[in-house]
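A, B and C are the chain letters, set down in written order, and residue numbers restart from 1 in every chain.
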């Protein structure tokens, strides 16, 4: 009885939670580097989406899933770089830049799908990551990356300087630290990780790209980022909550409960968390400002 | 140089306004040029594309009517975003508020109260506005009461609103038949077409009127003054005795009401019912409109018309060429980016640089 | 030997020339005071030396070597350190992290935080400061933060130390302690540049001085011997100034504001505890104290921005309650301590700012809409009456100079004929001309029978203007006295919480 329950309910939920939270953890980890360097990460969605698209494109063109992964990471970095150039060099409002890029990524990936595959809805199936066992190696890689991110941020000179840049750019500049350089590194790392998150969606979870593939996960990652107080290790369990509610929703589906309501569940949870849980979390003091150094 | 300085002294606003218009125009042109270059790289003929768009937008009276029809929701959503922006609130939730407005209007519009059109139509519009306002008001309340960032909460509420309306149109309000949509609204709630055979309804003129009213409220009224004070400097507004929390909630209510109107007008004038997934992202495109309008309610009218023309034209693009219509979305996204990055535009356009050197 | 020589430095900003062919030289092992008014170009000159700003013309020699300094890193490597007026410290990070950032001790790839703390603790011990390396900067007092800044410069090997207005935020005692530190540093062979506009301090500590005025070097490298404060003032301002201008009230009127047992609770402790005082008509009550001892919160309570408990809290017999709007209605005027955050909306026009807070008055609007001509006429009158220099009433307020911005705030408040005026830091960041004007206006209003509460971080200003002086420390009023009753030193002692009779050095306490 109990083992049956575990087999039929707990196990699938667990697997599903892991699979749903992996891209969220990756994107939120990316967000940590961006925000710690003083740049809001509202563009995570665009980086994930571009990552997901480029991964499929890379895999499609090369026939190798791993080249696809590399392309996904590079695609995310490209968007990270764009976000950086807009926010750092051109001092664009970081919210507007993020949203503009999200729209741009959605439009561009849809456009490119038509150009490459003559199909506006989805790409053909491509070589995806193959592995034995039920848990993706990318999940384990993600856990490792979270630990590495934590060490980099809190135990290295780079991390100390990046945090100083995010907290007080003028102070960092007055000590001769190249503020803009660190910010660029922050958004590039952010793009790489979010791009990897997108890659997970298109080459691991599925084996193709579909229009609006990320479907708001980038925004959820922003919320996770806040909830985790911008610390890498906290993102794992914060993302886990969202992955779990996603997983539960899948289980509930087809049991007479309208899917629209079940799908709203994680968002309602987010809203409640926003109202009651995020009050005392302050981002680094330099976030959102674009002053000269 | 002297003339410039005098202009600045006597009518700084005028100079600022012309400068804004110039930057918006340049940004738009730049966005189109960049898209054209992308088209050319993709081996499409950009002239053919823009030619088709132009024909589709202005080629004949039907095309012009289509432009105005497409401009209407964009004017509402652009205005909704602009209103919130005046209080320094970023209302990404226009899309969700529009969905709420649409479902409320569709519900009232399909109910048979035995009311005459003069009552039924305004009632349906009112419900749309109120539904949008309530959702946006919730965002304002969460911000004022709990300090929740409105960007995040509006994004979340968009998904919730789209899901809830989807549920309503799939279950309690579903019309008979295979598609997820509500019952057709009654003739008493329909916005009448202005010309036989054209889709254009009074909604377009209502949109212009609402823009004008909002312009007056923002610039000439006490409420608008307080909204702008809160938008520019919350602490100074508080010091001046302005109830900033209340002003923010009121601003969100107005913004949401206008977003709701977008949905209401689409239901009453175009679709005649609520259809799941009816919006191709009007709420988000409203951000482009607001950006191009430089947060000016009158500018919204023109920006809405420009994007309306692009959208109407894209239909023809779709029909007569092989060029993907998604170029229109690319242009819109570029407009947001270029308008919000004037420094970038100045870097790209060489004659600006010359001019700056000359000024020095 | 000259450690720093700056020749023929020119720096242009879009509308003004900040530095006009300026020469400057610093002798090794000396304390050099760089004097000048706000906006004279002192900070710009030093930012150029520190590489935060590049000059349009001119060259710099450090220890005889010609150098092009384009970045603070280069300046640091040349042995230049700068203590900024607005501290360059991240409050949520530790003292050690703030100090070592930029040249951190490491073990291979990793940052060695233990060693950093150790080194910083040694440095702290060497100068006898009472700071812990692992303390968060946000838990330190202003004086302590300044020491962290000095330590930071020393950690990075500074031989030449630039101190930008270091005394602006300190009590007289802390200033004395800073001077002790500075003399010690001089003894250790460091060369120090002191940027200041305070004459007394220059005379007390400097070996040599230079005076900047409107971007021009008036005197350079003058020895302090035989120089008087009047000479310096003349050089700084360009004309004779009355440094001691004062004007006491002749008659003290009835009580206007009565406060008994006012308490504002904070998260951990009381921010204001049990304040009691009276403010009379025809009186200026000055509040002296180090910033952060409850003055800002007192202003907020007195203007309806914050709510506190009180036994008696009455203005002209009416108990005060409600929000800022209600307080304004009760004819309580408020000149906020920071005009750019609370006083003005820089993006809006001069005329819109001139009615801020009084914009709901029926003379400006009818049925919810403004009457443009009424607004315009009022603005024109204010611009004339208060000699506000602006192109037009529809110019953006942010484009005005600091002094004229302050006049906009003052015109708005004073013209409403308030009975009680809360004036905070009325002359911060304004030039001497505007300062005199504002002081005169305050005297005038007092003589008309207004009750004025003046809060200022500038003890000299409080002493000059006030008919009575209340000293605040740690959320309490520790004394209320007549201006002559206590010396500056005694007032300063009270500002640090010591009783006048007892303690000598609160550092040992």
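The rule we apply is simple: contacts are C-beta pairs under 8 Å (C-beta built on N, C-alpha and C of every residue); 3 or more make two chains touch, one makes a residue touch a chain.
On a predicted model such as this, the values are computed, not experimentally measured, just so you know.
Engineer: Using only Cα atoms to place each chain's centre, name the chain farthest from chain A.
Structural biologist: Computed centres place C farthest from chain A.
Engineer: Between what two chains do the most C-beta pairs come into contact?
Structural biologist: A-B
Engineer: Could you tell me the distance, in whole angstrom, between the mean C-alpha positions of chain A and chain B?
Structural biologist: One centre to the other, that is 29 Å.
Engineer: Please report how many Å separate the Cα centroid of chain A from that of chain C, as a whole number.
Structural biologist: Roughly 44 Å separates the two chain centres.
Engineer: For a test of understanding, state which residues of chain C touch chain B in their complex under the given definition.
Structural biologist: 303-305, 323-328, 334, 336, 341-349, 352, 356-357, 359-360, 365, 368-370, 372, 391-392, 394-396
Engineer: Spell out the residues on chain A that touch chain B in their complex, using ranges where they run on.
Structural biologist: These residues of chain A touch chain B: 42, 86, 89-93, 95-97, 99-101, 103-104, 106-108, 110-111, 114-115, 120, 216, 219, 222-223, 226, 258, 260-261, 263-264, 267-268, 270-271, 274-276, 278-279.
Engineer: Which stretch or stretches of chain B touch chain C in the complex?
Structural biologist: So the residues of chain B touching chain C come out as 8-13, 216, 220-223, 225-226, 228-229, 232-233, 235-243.
Engineer: For the complex, which residues does chain C have touching chain A?
Structural biologist: Residues 50-52, 71-76, 82, 84, 88-93, 97-98, 101-102, 104, 106, 109-111, 113, 152, 156 of chain C touch chain A in their complex.
Engineer: Under the definition above, what is the set of chain A residues touching chain C in their complex?
Structural biologist: Against chain C, chain A makes touches at 151, 155-157, 159-161, 163-164, 167-168, 170-177, 285.
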